[in-house]
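There are structures below to look over.
There are two complexes below, and they share subunit A, which is joined by subunit B in the first and by subunit C in the second.
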Partner chain A sequence: MFLDILIDGLIKGSVYALLAIGFSLVLGVARIINIAHTALYMTSAYLIYIGTKQLGLPATVSIGAAIILTILLGLLIYRYFIRPIQEHEAAMLIATIAVAMMLQEVFLMTFGGHYLGVSPLVEGYTTILGVRVTWQHILALGLALVVLVGVRLFLFHTRMGLAIRATAQDREVANLMGMDVTRVAMATMAVSVGLASVAGAIVAPLVTVEPTMWMHPLIMMLAIVVLGGLGSIEGSFVGAYILGFAESMVVFMVPMGSFLKDSVALSIMILVLLVRPEGLFGVFFEEER
Partner chain B sequence: MGLIFTHIRRFFTILRSEVIVLPGRLALVLFVIALLALPLFTQDLYFLRIVILTSIFAIFAGSWDLLSGFTGQMNFGHALFFGVAAYVTALLNIHLHFPPYLSIPLGAVGAVLAGLVVGIPCLRLKGSYLALTTLAFPIILTGIVFAIPGVTGGELGLSGLSRLSSSRLMDYYITAVCMLGLGLVMWLITDSKTGIILHAIREDEVAARAAGINTTRYKLLAFCMSGFFAGIAGGLYAHFMRLAGPSTLEVGLSFQVIIWSVFGGMVSIYGPMAGVFILNPLMEGLRVILGKYPALPEMRMLLFAALVLLTLRFMPEGFIPWVLDRLETECPRCKIRNVFFRHRCRICDAAMS
Partner chain C sequence: MNTRRFIVCLAAGFLLFAGLCPSAWAADSIKIGILGPMSFTQGEGHWNGATMAAEEINAAGGVKVGDKMMQIELVKVDTNEFLSIPDATNAVEMAISRNKVDFLVGGFRTEAVMVMQDIAMDAKKIFIGCGAATVEICTRVTENYDRYKYWFRLTPINAGYLGKVDFTLLGTVGAIMKKTLGLETLKVAVVAEKAAWAEGIVAAAEKTLPEKMGMEIVGIWRPSPVAKDCSAELAAIQRAGAHIVFTTFSSSVGLTFAKQMGELKIPAAAVGINVEAQKSGFWEATNGAGDYVLTINTYAPVKITESTLPFYTKYQERFKEAPNYTAGTYDALQILKAAVEEAGTLDSDALVPFLEKTDLVGTAGREVFDAAHDITWGPGYVTGLGTQWQEGKIQCVWPYNWEGITYEGTVPYKLAPWVVEAWKKKD
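Coming up: the complex of A and B.
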């Protein structure tokens, strides 16, 4: 039981961290509440399903292709549908909702509402402290942690990472300092969608792939981003593990837990906000001038 | 007798000089007449049903605009008000046998209380924080609804409410009149002193506070008013469908109302309501048309999303403001709106550039 919760919470937390960090970056740099973020995560999972099951490609190839295709799709959407209307916040928001709905409907049309499964990369399981843990879970956890460390290094030790963080803090000053804000926004979008598609690749073998699989992670991701503080990468990271563990604890320990998992996670978020309105690691954005 | 004639003459003068000269106002008048006269031409039950649901959702969209458009308090969880009112109405009607004219207002009062519960913690939040936090409340409530199926009926919801009225035709007139009346009330609110204060809060809350306005109180008032109107819509929906289920709390419904409103054009009350009257019948029409080609896969929602995406790509202000901008121009001197083909302003006779 305890180990179940630990493994499950770690994996959920890591996946949510990948999603939330990507979302948070785009929110900070381009000021987009990207509702389609988890729909892109779903896209990556579906592409992996197409690659492995329908085209018969080896798993690693299809994962790589899925990630690249998803990033391209995300950039195209951003370039042609989001950027032209970025002056109109509400319109931009609806555009992302519409994109998410379109992706959902496309997958519903092509695959129907069936629950699809992606076969795991590695078979078999090991026994830790008397609990069976599949290698796939351990691989997923490892991959998530590697990517998270990679993001951290990218954001804090490269020039582009510095530009992204600077733009997130103050768009205008970043522009005055000679950063090409448009290019930074494009790069951020690419990184963000890349993280979402990696998250999709990680969970694809662990969960069922179906056209509404983006809804639950979307809600959790939004809760995490608010909980951690908008635009704060540490906040997203910590918040993701808090809510990831909370969710697994509720699912494993509370009767009817799977109905209540969203409620509990969101109640935690609201409680934190009551105490700290700017979230755990909140950095207040300077209001747009 | 003379007095009556004076009033009639005055009415026609206003009609001629203020209504007919502007395409937007003329369209509104024609719309109201068409809505009220529609049953003379068709009494098809399915058709009336579509218009009834459209009217209900129009109230809902208007109430969203009052809170999120006018006051600027972005609400991502507007379905909360709708759902709470639907459930309260259903509980009162089923267990206490309250008739609809009592249960719907009481349901709306329930939604006002929900507005207070949401509003008080959310008052400290701004912008994106507020939007993302409000999203949480209906989801939390959905979890509770599923967890206590004894009271709420769980996944199936509460069914078996009494009918809104004895016939579909009466239902039609009740919802249509409610929609027109509440729409007018909401529009009057935004046009009143309170409305100006709400507008000021959206534009610059700090400045509004510096001008001596208790912004907290007015924001809470906006939450309550919006909750009330959305609650009426929820109660009407529960009685009309004779069902209050978890679908009234869905994230999808919260998003839907934002789509309708932004598509129609925010910050105008009539924009979102018109948005519903364009998009909702269009969806039903698509259902009928696509139903004739069973070979096609289910693509209604896809077309809907594509339509919304393309509309906003080219008319980011919303559909209605875009149309109005084409049909009407503002006089450069006196700022009165004129129909687009006039060369001189109808009031001050200045040349329209």
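Coming up: the complex of A and C.
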């Protein structure tokens, strides 16, 4: 059972990590509250569906087009729904919830509530220590690591990364130092939405594409970012695996209660916050910035 | 100038009034409210089935009410009950009070149907249910006949009967596996979504499988009805060495489970209830990984009665998908027509005794209501079907010599090659 939990938790955690890194970047590091982040992940999944299933385009072309179009949509959302109210966090929260709901309704009206499928990039499965795992899941695991390293390098080894961290720390001072804070925020949004879109491309074949597919990941992403420590990319990464392992443990140890896996995972988040209100990696938050 | 303004205001007021009271223009029609989540497959089934029936009835002259021929006018009532129960209650209230419907047909989720049922009963509107299976919806009729006598359930067969078909399918597949693979004791994983309607089936499985069917239960898993990932459950099932996975799913988890099970080629046969597998879109949504899934169903391209295949074919040609059980609204309208013509009135109280005497050979079988206004199940009535996905097609595999019944077009059940390969090697 230990091996089963280990393998399954690792795979599940990778899927969450892939989704959480972009969310952590925009919410935790750049302090842009974009609840529509997972709705953009859904948009990417739908665009890939349109490209591959309805237009018959190759998967790579569809994914590329989906990423570009989703980034453009993300920038439009930033320009018209976030930037005018960026100083008011509560307003930003509500506005982006509204945007997410609007996207949900657009897809509901266009595709109905039908469950749709996107073909995996890599078909088939392999067996690791007796546990069957699809190649698409392995791809998610590998990509989660690549994205983590990439984001880390971007934030700490590029001028734009430095600008993002500086703007997040103090928007006014960054502005006084000559940084174009709007451009920096737009770049952050573009990177974050791009990550959501990449997550959509990798995760969509593992789930069902439907108009409410953004809700569950959103709850899990919020939990992961808070659990890991707001602003810590590594914290989110670790948080994702903690929730992944917690879910697996519930299913393997209490099969009759497998429906509780989400609530147990979220309870762990609450427990951690009671002990460490700043989250697991909250201590490193200021240092990272 | 004032007179012109007055005339313009009067005209605008008239147009507004006319817009708000469309029923005023259709006094010579029978208005039937079709209730369903119209953005979802289930609601589409409700609407499509009713549309076909209404068009056929109207083309044949309509419904004879006393000396008058009346046309059927359908009112699309989007209950949105998947996402919001209050939406469902508002929609049915509006259908009754604003659209002035004469009858109600449809509904899907038990939680929504029970509330809509109360609203309909308050208004004394005949409501023919075509979606919710919970027994208690009909028990209300026997417990409080005067209030709930306007309710009838046409489809699906109730949860109790579904359970009987469910265990029959399990026994059938078990026998095939024993014979084909030479297995002595079958190991069964019970996987049922955590929902009220599934409790009875799980309890019955815990008792029936070991005691009456000689099967060993290797575990019971209860995922959330909306779980987006079942990989842990599947890994545990594989470790437990299950030969059969006995499924009880009505929600989206059925799709997730079947998709992941097929992708991982878990060496077990999936048998039971999986509402998602009843839909044409199941194949595409699972990218073909749903092959060999067996589920209870209502319609398949088989000759249950003389009207099944013509209905099935016409429906598929027109709507580019197979009818699911909510398309039973087709039969519901035929039943209403027969009762209204016999009673010669649209009055609900007068119609109830005629509906109670319904004996119609419909598209799903011979349709007769019992004392609880529930559809009768069994040989000679509506039996339900067992359908299996075989190479991208929904095929009827049950009844197959059950109680002397084999519908024309039924094919033998197939075991997945990887199941055969896994267990033939081991045993």
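Convention: the second predicted complex is superposed on the first by the 255 of 289 C-alpha atoms of A that agree within 3 Å, B and C clash if a C-alpha of one lies under 4 Å from a C-alpha of the other, contacts with A are read in each partner's own complex, and residues count from 1 in each chain.
The rule is short, and it goes like this: a residue touches a chain if its C-beta (ideal position, glycine included) is under 8 Å from a C-beta of that chain, and two chains touch if they have at least 3 such contacts.
Every value quoted in this text rests on a predicted model; they were computed, and no experiment measured them.
Within the superposed three-chain model, A:L116 lies in touch with subunit C and out of touch with subunit B [touch as defined at top]. Once the two complexes are overlaid on the shared chain, A:I94 sits against subunit B while remaining clear of subunit C. Once the two complexes are laid over each other on the shared chain, residue contacts for A:Y125 go to subunit C alone; subunit B is not touched. Using the contact criterion defined above for the overlaid structures, shared-chain residue A:L75 touches neither subunit B nor subunit C, since it reaches no partner. When the two complexes are overlaid on their common chain A, residue A:K12 makes contact with subunit C while staying clear of subunit B.
Contacts of A:L108 after superposition on the shared chain: both subunit B and subunit C are touched. In the superposition on chain A, A:K53 contacts subunit C only, with no contact to subunit B. Shared-chain residue A:T134: touches subunit C; no touch with subunit B.
In the superposition on chain A, A:F252 makes contact with subunit C only, while subunit B stays out of contact range.
Shared contact residues on subunit A (touching subunit B in one structure, subunit C in the other): 108-109, 256, 259, 261-262.
On subunit C, the positions that touch subunit A within their shared complex are 37, 39-41, 44, 82-83, 193-194, 219-229, 231-236, 238-239, 252, 255-256, 259-260, 263-266, 276, 281, 284-287. On subunit B, the positions that touch subunit A within their shared complex are 121, 124-125, 128-129, 131-133, 135-137, 139-144, 146-147, 251, 255, 258-259, 262-263, 266, 297-299, 301-302, 304-306, 308-309, 312-313, 316-318. Residues 1, 4, 7-8, 11-12, 15, 53, 108-109, 112-120, 125, 130-134, 137, 205-208, 210, 212-213, 216, 247-248, 251-252, 255-259, 261-262 of subunit A touch subunit C in their complex.
Across the complex, subunit B is touched by residues 27, 33, 35, 80-81, 84-85, 87-88, 90-91, 93-95, 97-99, 101-102, 104-106, 108-110, 215, 219, 222-223, 225-226, 230, 256, 259-264, 266-267, 269-270, 273-274, 277-279 of subunit A.
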